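Note that the chains take the letters A, B, C and D in the order they are written out, and that residue 1 is the start of every chain.
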Amino acid sequence: MIAVTQEPIDVDAVLRAVEGPSEGAVALFLGRVRDHARGREVERLDYEAYGGMAEAEMTALAETARREHGAAKVALVHRVGRLEIGDVAVAVAVSSAHRPEAFAACRWLIDTLKERVPIWKKERYEDGEEWIAEHP
Amino acid sequence: MTGPDREPTGDGLEVLLFAGLAEAVGRSRLRVEPPLPDTVGALAARLREEWPGLSRATFRTAVNQRYAADESPVRPGDELALIPPVSGG
Amino acid sequence: MIAVTQEPIDVDAVLRAVEGPSEGAVALFLGRVRDHARGREVERLDYEAYGGMAEAEMTALAETARREHGAAKVALVHRVGRLEIGDVAVAVAVSSAHRPEAFAACRWLIDTLKERVPIWKKERYEDGEEWIAEHP
Amino acid sequence: MTGPDREPTGDGLEVLLFAGLAEAVGRSRLRVEPPLPDTVGALAARLREEWPGLSRATFRTAVNQRYAADESPVRPGDELALIPPVSGG
């Protein structure tokens, strides 16, 4: 399961996507909208994606996670549009036979997704808004 | 590869802009008329000259939805995009 | 949420237990029953716990995760009794403001739970069964 | 601390066994009559002598649901447990 979606992320479906009888370990990362960032209070976020390329990059990341990081199954979902505090912005799930690979691949995926995948967030504050540029 | 929202551009090209870059330029796509530059780097240099909002901007470039090096070739019909620093996740 | 339970683990409830407006990162680990172990085909597992002590140890682990590993909120649930292939045996959820702490605390918790918490599994095979002694 | 399934033991003690250790001994609790040994280590040594299933077994010891060192004291009414190598998770 690889998707960029306007809809709320269905975490159960993300977890089901990596189930398997030989996969004893599942690592899941959820990125939720925080009420603060960079020392400022955040009211909400707007995410924009270069949709086709974002999904292509995420598909490539999932393949690398399986080939090089020991992941058996991978699910990557990023939400876009308007998100409120507490909403899940991104879900990364990895299964493998044992836990070291599941943790390592999950961590590698979220780190690399944040560096490479063409998605941007705009933070909305009480008194303004700002596009965040995290990874050049 | 043809993006879902692209129109035929003949011998020219359209370039997609996103997020802060689109706001700085005031548009989310730019038309580049022929003759086309040979490479991604030359095309980016031309856009920086033509659009003040791009002159000092930080961006990577994608061709057909893949990050592309400056020396990558540019052909009519390619889907070009300027990718400002990302902040997903 | 700290529990040793006979019932199927409600993963949604585990994730809800670590929600918070300042906690932007959630790391979840699920341990599921695998169809193989130690080179043998496994038909099912039976888990036994020293219930009161297991919950006391898990509570102590959660406190240490918060005090020393940067966790903001922790949920630990271990299922006991008869489990079939694919059933979730253990769920570990950690939230924190940022992801390094969530990953590190989640990994530390499952590693340390496996070393210390008085729970035992018996593997059932087609031709027998065996109590597994993993951490002396 | 009183476990949910313990009965009063007077001046003696009951010791809980689990998993493979309970199967090796054939029971999940053992009674230790007074006089009680002073320490966890002395009590464990006495149990190893009395019960062949424990003589060469690997276990840690818990007093009142906490892991206890060999030199920890043992008192009437304590909840003792022999903890074979764990395999949760």
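Just so we're on the same page, a residue touches a chain if its C-beta (ideal position, glycine included) is under 8 Å from a C-beta of that chain, and two chains touch if they have at least 3 such contacts.
For clarity, every value in this text was computed on a predicted model and none was experimentally measured.
Distance from the subunit A centre to the subunit D centre is 49 Å, each centre being the mean of its Cα atoms. One inter-chain figure worth recording: subunit C and subunit D are separated by 26 Å, centre to centre, where each centre is the mean of the chain's CA atoms. With touch defined as above, residues shared between interfaces to two or more other chains in subunit C number as follows: 31, 110. Taken pairwise by the contact criterion, the protein chains link up end to end in a single open path, with no chain closing the loop.
Every pair of chains that touch is listed here: A-B, A-C, C-D. Contacts from subunit A toward subunit C in the complex involve residues 11-12, 15, 19, 21-36, 85-86, 97, 99, 102-103, 106-107, 110. Against subunit B, the residues of subunit A that register as touching in their complex are 31, 47-50, 52-54, 56, 78, 89-90, 110, 113-122, 131-136.
The part of subunit D that touches subunit C in the complex is made up of residues 1, 3-4, 16, 18-20, 23, 58, 60, 62, 65-67, 81, 83-89.
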